[in-house]
Amino acid sequence: MDAGVIPGTFLLLLSLLVLLVVLILRGRKGPIPSVRPLPAFQDIRTEAGYAAESGGAVHIALGNGGLYGEDSVTSLAGLQVVESLADIAVSYGAPPIITVGDPTLLPLAQDVLRRAYERNGAAESYDPGKVRFVAPSPVAYAAGAANLVATGKVTANVTTGAFGHEVSLLADAGARRDLPQLAAAADPAAIGALYPTTDRLAVGEELYAAGAQMTDERRYLTSLVAQDILRLILILLMLGSAVIGFMGR
Amino acid sequence: MPGIPNIEAVGIVIGAGLTLAIFSYILGDNPLYRAALHLFVGALVGYSFGILFRDVLVGMVWNQLQDNPITVVVPLVLGILLLFKGFPKQAYIGNFSVAFLIGVGTAVALGGALLGTLVPQIGATGRALGSISLDGLLIFVGTACTWMAFYFTARRGPGLAGVWGQLVRITGGIGRVFLVFAFGIAFAGALTASLSVFIGRIQYLIDAYWKVLAGG
Amino acid sequence: MIHCPKCGAANRRGSRFCNECGEALPMRTALRCPMCGTMNPVGNVYCDRCHARLIPMAALPSAEPEAEPEQAPIKGPSLSTIPLEEQRERAAEDKVTGTEPGGVDWLSDLSEPGVTAETGAIEEAEAEEAADWLAQLRATEVTGETEAVEEVETGKTEDWLAALREDDASKSVEARVAGADETGDWLAEFRDAALEEAEEPEPAVPVEAVDIPDWLRDMGPIGSDAEAAPPAPEPAPPVVEAAPEEPVAAPGEIPEWLQEVAPPEAAPPAPEPAPPVVEAVPEGVSSVRPLVEFPVETEISEAPDWLSELEAEPLPTPAPAAPALEGIAFAEIPDWMQAMRPRPAQAEAIVEEEPLETGGLLRGLRGVITPAFAIEAPLVGESAVPPEVREAGLSRAQLLQSLLAQPDEISQPKPLMRGPRVSERIQRWLVAIVLIATAILIVLTAPGISMFYIPPLTQPAAAPESSQRMDLQHLMGTYDTIQGLSLAPGESVLAAFEYGPTEADELNLVAEPLLRHLLGRGAHISIVSTRPEGMTVAAGLLERIVESDDQYTKDQYSLTNYRPGNATGVSQLLVSPGTPPNLILVLTAQPGPLRWWIEQTQAQGEDAPPMVAGVSAALEPAAGPYLAGAGKLKGAVSGLGGAAVYERKLALSDSDASATRQLNALAVGHTAIVALIIVGAVLYALSGLRRREE
Amino acid sequence: MSSLIKRWIPTLLFTVLPGLVVLAGYLLPSNQTLVDFRHELVEWAVIVAAFAFLLGVFNILRVHGRQVFRRRQGWFYSLVLLFAMVAAATPPTTQAILEVVRPDSPVHKTLEDATSTLFNYTISPLGASLAALLVFTLTLAAFRLLRTRRSAGTVFFLLVVALVLLGTTPLIGLEWLADVRDWIVNVPGMAGMRGLLLGVALGTIITALRVFLTIERPYSES
């Protein structure tokens, strides 16, 4: 690793932090940024409505990511979907069925549902069994969740979180029942496997915009602005490193 | 069955039977497959729990508690607090533990994304362009355009913002072509990998047949 | 123009927030709720106030004119590549298919003229699957999840339903015929459609409709076969009969006029399939009756809680309910009901008939129906809502009402056209047979015959821009690194087995040549893993390799416990006391472990040992960017293809070259998959063309 | 007070502080104290996560136990699952307990063998077979891709898939496909993949910063 990398990274992170804070403070007022819509997320609410109407439930697969490792942020992003869906689903009386592939994600997903019930004044109706821990390995998780989709009263299959290509098993179960399938994945192998089977797919970075897409809250939208600014800076940096490399030759 | 201990022969037959049960899914979802699947999920959870219990809870926590209790008292307390998450009324007590997990996990992910992906990949892309070749240029343009394809906040409209929006759309459009390349490759890679596993399974079945049935 | 209440700035119509100050604009509303009159923001699917559906079920949000520009041009890489016109079609289809696994194919096939009897049979089998599911749903709706119903077996459920249907049809035929006379010509359309389908009465059809909220939105698509309508009311009689004190047991029941509408068409074909089934009636009915004893045993956790709440809610609304109980005067029909009926004249006739339903199994239906009116009545005008109705219950009732208001819009059935739809099962079997046949080829092709090309691994040209394939360069890098090891006694190679049994069939073959190479060089391999299964897999593999060749010895490798903690585990393995390894070999099918090892090794600085990797073919693309960058990673072997090339370089004997042996099957398998993809593409492309011509 | 306990203490003390320490360990690898701290914290997380596994097991017992006791549809499968879980957990757990209670018991080896036998003859073939099913689901998905998505992009996708597949193990006479594949993977594919990975990294960083700025607190009561 080059000597300059670490301080450079440090600087980058620090400037990003400042940028984010400034944007958020500024973003409290002023025009709300308009964001490219992602149907993968926006349609989830509609599906929640269908689920309520048909007495079924939306299945949300949160994937194999745990909270303590590299996948934690991906899992948190997937959890935003549950978070922004929980209130409406609870008020419909049709809570989603959530499956997790890592036990650390279990209490967090349960909390999101539980709080939604508490907010709706129906704490006693909350059933922790709506969030299920399936299995701790990717293939077992995908197959177990697929079984739930195949046999349960599931009306739509939402796949969002950390997956590998084994997610194909889950998508196949949905396709077998001709369920509407909405997915968001960051891992290239998972995207490859989901691409042919899902109706709506959010790929890569888009997964992390779930909160912004589903809630339209400022705190999320402004962070997307920061993301875009940082993107431009980094592309310029990339160009710069090419120029330096070229000069150095 | 010369040379094969009995337990192995039985094990191979069981393994082959379970393999066939799982493969019956190809013909349609059926009770055999479901039973095998549930067996697998149950056994895996049980096994993982057993290993975790043996190697982490006893191996790390218990043994540390004997030798040097200070180092594990915090995680032990946090772990026990986490168990309150099992009871909806007291669940908030476990927030401390979840908060801790998120804090550490997020930091690990942040460090990995910065040092593992962002910095080296930007450097590598820069180097690719620096090497001055058509391919290098293509990689640079492709990477940049793909990245622009994710641009969230551009908007249509008149003036400078409109021109910028146009630019974002054009680069994003190019980027999506590269993305389809990436998806195609990822899909093909997944196919190759799972085909390899599939062939391995068929081989396993054939071996089992020779070893146990034909050989015995 | 909308003026901001805070700063007074003028904003474009439809704006949600003020362009000047960002204040949320109160007049951001455009959709008037048909239920309560609240103005809602454009894009809302449900009313903010009463949660009633704003956008007709028939159309996706995208079909709504104002929302369209937002949704239709799919920008960005969200790759929703379903063409717009098809989106709507799918939307309509999804209505049908959303919860009805078995019915899907059947329905679409029905609308296809060219369905053969064979397909029909297959689909019928699939429809049976639906019954199972149906049993669940029924249990939920009618009795609030009483376990017994769930145990009703597939066949039984269907049987007793069909039997009920039959029974019912024969007993109340007169009443229905009378109804038929008064039904208008819109019904005649139904009738025509039904006559077309009459030849193949399907047991699955009654099944379709029982899901009450669903059948309503299914009205449109199913409309092509009017049979779908009548069975819905059937579930009601047993319940009501047995539990008259629970008049609200099934609040979601369909208005009676609807029950009347279709039976005349359904009745003639029904007797045909029914007779063999009639015997099942007692058994079927008895399996239902017992649960009526405890119909209120609801379980909050499960779906029916909204239903059970409905049961409770309407009771305190005596005013609207009373007239309904007295036989529902015309004037009491809420306007949403009016909307459902094409012509008011029909409604009058139908309502008049209600009292006639007093005999047979349908006796007591009135008790079911009236509460339904009682729920909906308050929604018509606010004044009718008594204060004690809880907000939640009301909103759910409104949801139901909004559902009931749908059929008018979706009763124009769109033919479900997806080209000549190959049955789901046939597709699956085709793919399965091709794949299995391919794999069997392993046996048929002798290992000696190679049908594929394994490139020779030669020294790479000095310049990095050499024209040699990149994967071969990675392979060569791996080979050179292992070949170049200078191994003093006591020094070892660290082999990280970061894969489990699910990946072992591939990665064992990738690992084998690498391990053989290392063992052949006399290296001592110490095995580590951050996965619990890694050790067991490694032990099995190494045992097999060592047994296969006398040259290797058992003490050439050592196993340790696994090290939890992912990246941290890796870094602790790297700094663990003892002589640092000469080389690190990482074997994995997942990007995470590879990255951890690369990162952590590089973090050790210049003295860190070099690395080589054996990865799954699935990982190759994701690993590519890491492999390309310079660093500690000197080379990689990916997938069976790479392993075969490596085996050739090592000049392993046929029995030892496991990857090469399976390469035949892999090559043929790839070809077969590509052939399948092409067949599928041609099939569906042609069907698309045909559709366009039509 | 309650909001202090329920919200701010978990936030600052348990998320931000450990997070920053871990992050500092990443960014200042030369500072051995920080690196050690980071290792210690991550190790703690491993232990806490092990307790989370207990929650997971409770969850499974609850969901499937309910299924069995109430004889719900599919209860038999749940019974199989529970049985397998107990059977697989017993040998290693017993071994661990014995290690504490009677470290010199001869049963250790037997238990360890039982664990690995169970693994080799049930978990391993089952897992591998399930993974092998993926080739079927993936092929099926590609087979009917054009049914649901008819667009130039889809055709292009299938073309890339076909070329890469054929190029991985080129049949004799089609060696040139290997070179085509190599180019696809290493030039346009690499570019697309990099863009994707960079995007994911960026998304991760932003989301992580939101957590550290306490904009996002999924762990705290609302």
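Letters A, B, C and D mark the chains in the order given here, with residues in each chain numbered from 1 onward.
To be clear about the criterion, a residue touches a chain if its C-beta (ideal position, glycine included) is under 8 Å from a C-beta of that chain, and two chains touch if they have at least 3 such contacts.
As the structure is a prediction and not an experimental result, all values here were calculated from the model.
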{"item": "Pair joined by the larger number of C-beta contacts - B-C, B-D", "value": "B-D"}
{"item": "Centre distance in Å when chain C and chain D are each reduced to the mean of their C-alpha atoms", "value": "21"}
{"item": "Chain centre separation (chain B, chain D; CA means) in Å", "value": "4"}
{"item": "Centre distance in Å when chain A and chain D are each reduced to the mean of their C-alpha atoms", "value": "15"}
{"item": "Multi-partner residues of chain D (at least 2 other chains)", "value": "27, 29, 42-43, 45-46, 48-50, 52-57, 60, 73-74, 119-120, 123-125, 127-128, 130-136, 138-140, 142, 145, 148-149, 153, 157-158, 161, 165, 168, 185-186, 189-190, 193-194, 196-200, 202, 204-205, 207-209, 211, 218-219, 221"}
{"item": "Overlap residues in chain A, where contacts from two or more other chains coincide", "value": "9, 13, 36, 66-71, 73-74, 76, 104, 106-108, 111, 128-129, 136-137, 139-140, 143, 151, 165-166, 168, 176, 188-189, 191, 193, 195-196, 199, 203-206, 209, 227, 231, 234"}
{"item": "Sites on chain C at which at least two other chains make contact", "value": "75-77, 79, 82, 90, 136, 428, 432, 435, 500, 502-505, 533, 564, 566-568, 595-596, 603, 617-622, 625, 628, 631, 639-641, 666, 669-670, 673"}
{"item": "Category of the chain touch graph - line, ring, star, complete, other", "value": "complete"}
{"item": "Partner chain C, residues of chain B touching it in the complex", "value": "26-28, 47-48, 51-52, 55-56, 59-60, 108, 112, 115-117, 120-121, 123-124, 127-128, 131, 133, 149-152, 169, 172, 175-176, 179, 182, 185-186, 189-204, 206"}
{"item": "Residue ranges of chain A touching chain D (in the complex, touch as defined)", "value": "6, 9-10, 13, 16-17, 20-21, 24, 66-68, 73-74, 76-77, 79, 83, 103-104, 106-108, 111-112, 115, 119, 128-129, 131-133, 136-137, 139-140, 143, 151, 165-166, 168-169, 171-172, 175, 186, 188, 191, 193, 195-197, 199, 203-205, 207-209, 211, 219, 223, 226-227, 230-231, 234"}
{"item": "Sites on chain B touched by chain D in the complex", "value": "7, 10-12, 14-16, 18-19, 22-23, 25-26, 34-54, 56-62, 71-72, 74-76, 78-80, 82-83, 85-86, 92, 95-118, 121-122, 124-125, 135, 138-147, 149-150, 175-192, 194-195, 197-198, 200-201, 204"}
{"item": "For the chain D and chain A complex, residues of the former touching the latter", "value": "27-29, 42, 45-46, 48-49, 52-57, 59-60, 62-63, 66, 73-74, 127, 130-131, 133-134, 137-138, 140-142, 145, 148-149, 157, 193, 196-200, 202-211, 213, 215-216, 218-219, 221-222"}
{"item": "Contact footprint of chain B on chain A as seen in their complex", "value": "2, 5, 8-9, 12-13, 33-36, 66-74, 76, 104, 106-108, 110-111, 114, 123, 126, 128, 134-137, 140, 143-144, 147, 150-151, 165, 168, 176, 188-189, 191-193, 195-196, 203-206, 209, 212, 224-225, 227-228, 231, 234-235, 237-246, 248-249"}
